[in-house]
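Chain nomenclature is as follows: A, B, C and D, assigned in order of appearance, with residue numbering initiated at 1 for each chain independently.
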Amino acid sequence: MKIGFIGLGNMGIAMAANLLKAGHEVTVYNRTAEKAQPLVAQGAKRADDIAQACAAEVVITMLADDHALESVVYGEKGVLECLPKGAIHISCSTISVALSEKLASDPQRAAQQFVSAPVFGRPEAAAAAKLFVVTAGHATSIDKCQPIFDAIGQRTFRFGDKPSNANLVKLSGNFLITSVIESLSEALALVGKGGLDQREYLEFLTSTLFTAPVYKTYGNLVIEKKFQPAGFLAPLGLKDVRLVLQAGESLRVSLPLADLVRNRFLTLLANGGESLDWSAISQISARDAGLK
Amino acid sequence: MKIGFIGLGNMGIAMAANLLKAGHEVTVYNRTAEKAQPLVAQGAKRADDIAQACAAEVVITMLADDHALESVVYGEKGVLECLPKGAIHISCSTISVALSEKLASDPQRAAQQFVSAPVFGRPEAAAAAKLFVVTAGHATSIDKCQPIFDAIGQRTFRFGDKPSNANLVKLSGNFLITSVIESLSEALALVGKGGLDQREYLEFLTSTLFTAPVYKTYGNLVIEKKFQPAGFLAPLGLKDVRLVLQAGESLRVSLPLADLVRNRFLTLLANGGESLDWSAISQISARDAGLK
Amino acid sequence: MKIGFIGLGNMGIAMAANLLKAGHEVTVYNRTAEKAQPLVAQGAKRADDIAQACAAEVVITMLADDHALESVVYGEKGVLECLPKGAIHISCSTISVALSEKLASDPQRAAQQFVSAPVFGRPEAAAAAKLFVVTAGHATSIDKCQPIFDAIGQRTFRFGDKPSNANLVKLSGNFLITSVIESLSEALALVGKGGLDQREYLEFLTSTLFTAPVYKTYGNLVIEKKFQPAGFLAPLGLKDVRLVLQAGESLRVSLPLADLVRNRFLTLLANGGESLDWSAISQISARDAGLK
Amino acid sequence: MKIGFIGLGNMGIAMAANLLKAGHEVTVYNRTAEKAQPLVAQGAKRADDIAQACAAEVVITMLADDHALESVVYGEKGVLECLPKGAIHISCSTISVALSEKLASDPQRAAQQFVSAPVFGRPEAAAAAKLFVVTAGHATSIDKCQPIFDAIGQRTFRFGDKPSNANLVKLSGNFLITSVIESLSEALALVGKGGLDQREYLEFLTSTLFTAPVYKTYGNLVIEKKFQPAGFLAPLGLKDVRLVLQAGESLRVSLPLADLVRNRFLTLLANGGESLDWSAISQISARDAGLK
């Protein structure tokens, strides 16, 4: 397939590379152009602007936030203006439910198809084509996209024909990850202050009731305090918890555990944590408990 | 070994039965005597009082709460008075850190050994001898108890020579389970009110990031609203979260997620949930969201 | 002075009437025109559009939210376009800190002056010219506005030359009111369930430590459950707590008590409270406690 | 009247002195005897033990906590054993609802009368006989005690014949004070980080909506950071919030604002605040916000 790919961060680069490996024709675009270099070396075409990236059957956007996606879509010579009729826009970014709804229902883009397909996995998983793809949109559009999803992920989950469903799943999934971080942080502060060995405690947890990788991964990060380099930056974690709370507010669903996590992020960021991994919110529990 | 077993609730009966199967000589005692009947049929001796159960190398207590254990230990003709010098008291109950410390350090019982060994697992796991045993106490005492732990559990985890360490692990582990229930309840209320299929959502979670059995077990209970018969009663869940908060207060560790869960229990119990499984705290999120 | 007044809700009507009484020349505008009728009877001129209201030395906006104010200011033939150079725009609405900053710093409106002047007081206070005016902006502009503030309020408080300061004071003040409602609701649920007479309890509080009118007013509303007609609608309360949380997020200040109140509003609105007074969030504490 | 007074802390000394001034015959007892010296100089008799203090028509206890009161009442030669039939025991301490209920219903003390009478006011108010007395118990007993209440306080509030009612009022009142501290702390952190002058802000609040002395007193303490010498020690604040949460748990009433305050205390105490005034919990909000 002829694919445009917009947004070459840690995740986007790895995803685009896997599309190339799978034999697709990929034109890549990034605001700061040098990011495209390694992909061009692997056979990608470089687009000089969004319009060139849109000369495709499918354009994929993998951007940092709502704001970035809005300017790429609605800006002059943006996706809305340039993507051909019948072509598909796949949004893989973690964006708000509200923006996803707006993108899906925009009457101006009726002739374009919109598929939401956020992904789960850290950069290593993206590189290994082991992402989990969560998607929603018209079934025929998604069917067309399936080879793309197969190239970047290990499994695809479909959540109906309303694209924003996929975003709600993504946001609530990230919320669940932060819940694991928070609960582990509190438990580790407790047993740590009680004099137990945190590593033995984690080993116990992850070999009995809490065998999911998410406990192992984050438990180790919290205990080792390996917050740099960040796999996922704390400010992005705050953004995601804000988006899940916004979705909750629209739907009139209170999410007190998400509030708690949001406050951890605010406290972390007010105290110098801008460049740390999101698991660094665990430091707030530790500090509150008087642990160094 | 010659073992006394005090406390024949759902868990205790199954544990005592496994000790019999493993060839130990078991004398059982329960306040309401008829509970002993099936075990007697399997070869146990029935004790008429605590003193008779204490005529043993090891006496195991598996009781509902601090209060029950205190009266068994400190009451007239109780464990303290009747257990021979050099014999071991294994406490498997989920009790407070404070009581565990008192039991361990009581100068009156210097000649008796005290081992704390709370267990993880619901009654089915107890019946299948698949419990996880968490233990702490003097190494030589625990070595002597190991055959007992092998008979009731699939694996034993040791946490040093301070018995209350094991209780802190048990309480914090239960706290982590309630954190899973709470986080799932909020996420399910959100996606449910958003119109997604909760079963598909749970299937996604448990086949990707949240593969631990605890997510599957409790996710299903929450979605199916199968709160009766209770595997673990809500009032006992409240007791455990109170005990973890008390431990946190003694150690000066705030546990805001535990506070949140505690309030779910209070609201559940104030609205008729006394006989429900502890996973029924999920109904509070659902009700708050205006879901039936 | 020649004053344009835009926004004739409960508050705006009373404020405009007091400006007339004080002898000012007032031209009023409201989207639904019939609201202007009583004021015209009192001597106001009716503007057919925003532009006519802007033919003045000062234009006052008293609108429901950010969205309404943005369209009045930035819309075609809006305040930005029509207000003469040197004239003053006084924004009395409870809006976000972010919008206030945008309005203040907009380079397009450099030739217009912007004063922020949100007010405290329910409609009765507005009618009696007993509002508290909280204002910020250039001192010379505020000096010019002082006769206006004197006509609508009992006292003016100045908070420097950055207009959004006044909005932060207004939002945090509303947050403090909701804190009073929440704390009273919890205390009343507790003593009520404990069998005490809530009226006697409130009488005790308000004649000893909590003599501020806010305790009397809201305590009575909560006890009498007089949530209709609403003095201040619950959805507006939610809006204000959202705005204070947004301000907190921008400044990296966590406000857990505000989160708690926000969740009360969400639960109230998810369960049919759209038309109730904001003090109806007290019903959530009562219901959680199992009180009718 | 012939009065025994047990417990000569900051509050007790001042209360006993006022009883002397009012002409009562007062016998005082304190565990560390030298505290009695100034009162003896004012005409009090010194009791060498509790029994001597109980040789009276009324014995008043003003002790630090449940534990202290229990040993004074239930210990050997304690109040239970020594107070004559028909005499009255007035408990002014801030104790748990549960202990108050136990003291009231203890069948062993049927021949003694029990009145609960906790007081509101800091030591200055006690010295000035300006306390607010909150009392409950049999009406005839309270009638007899009224001259005592008149001597120590400015006003008495009666809450029925169940003594623990008065304790619930006292505990919930202290909870409301901590709610004021918490809400002010959050608001002050917000406006402070926003660059406003906290003193001007407080001046605005306390001259408009929040005129109650409690806002002035605590607002100033928070802004001036005058946490030493402590008017009321942080560990006692923690004790009281624990007691109100226990009362809530017994009654199945969740008090999330009290949880929040409790966590502030825990964090303060985990970080060196043992000797500070309870208003120092405000430092946690400030620190979280990154304010010095």
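Structure notes:
The criterion applied here is as follows: contacts are C-beta pairs under 8 Å (C-beta built on N, C-alpha and C of every residue); 3 or more make two chains touch, one makes a residue touch a chain.
In this text, all values refer to a predicted model and were calculated from it rather than measured experimentally.
By the document's definition of touch, common neighbours of chain C and chain D comprise A, B. Where the sister copies chain A and chain C meet, the same residue numbers recur on both sides for over half of the interface positions.
Rounded to whole angstrom units, the spacing between the C-alpha centres of chain A and chain D is 53. For this pair, chain A with chain B, the centres built from the Cα atoms lie 38 Å apart. For chain C, the set of residues touching two or more other chains reads 248, 252-254, 256, 260, 263, 266-267, 270, 288-290.
With chains as nodes and touching pairs as edges, the resulting graph is complete, every pair of chains being joined. Chain B makes touch with chain A in their complex at residues 97, 120, 132, 134, 155, 157, 159-160, 162, 165, 168-169, 172-173, 175-177, 179-180, 182-184, 186-187, 189-191, 193-197, 200-201, 204-205, 207-215, 244, 247-248, 251-258, 260, 285, 288-290.
Across the complex, chain C is touched by residues 238, 242, 248-249, 252-254, 256, 259-260, 262-263, 266-267, 269-270 of chain A. Residues 263, 266-267, 270-272, 284, 288-290 of chain C touch chain B in their complex.
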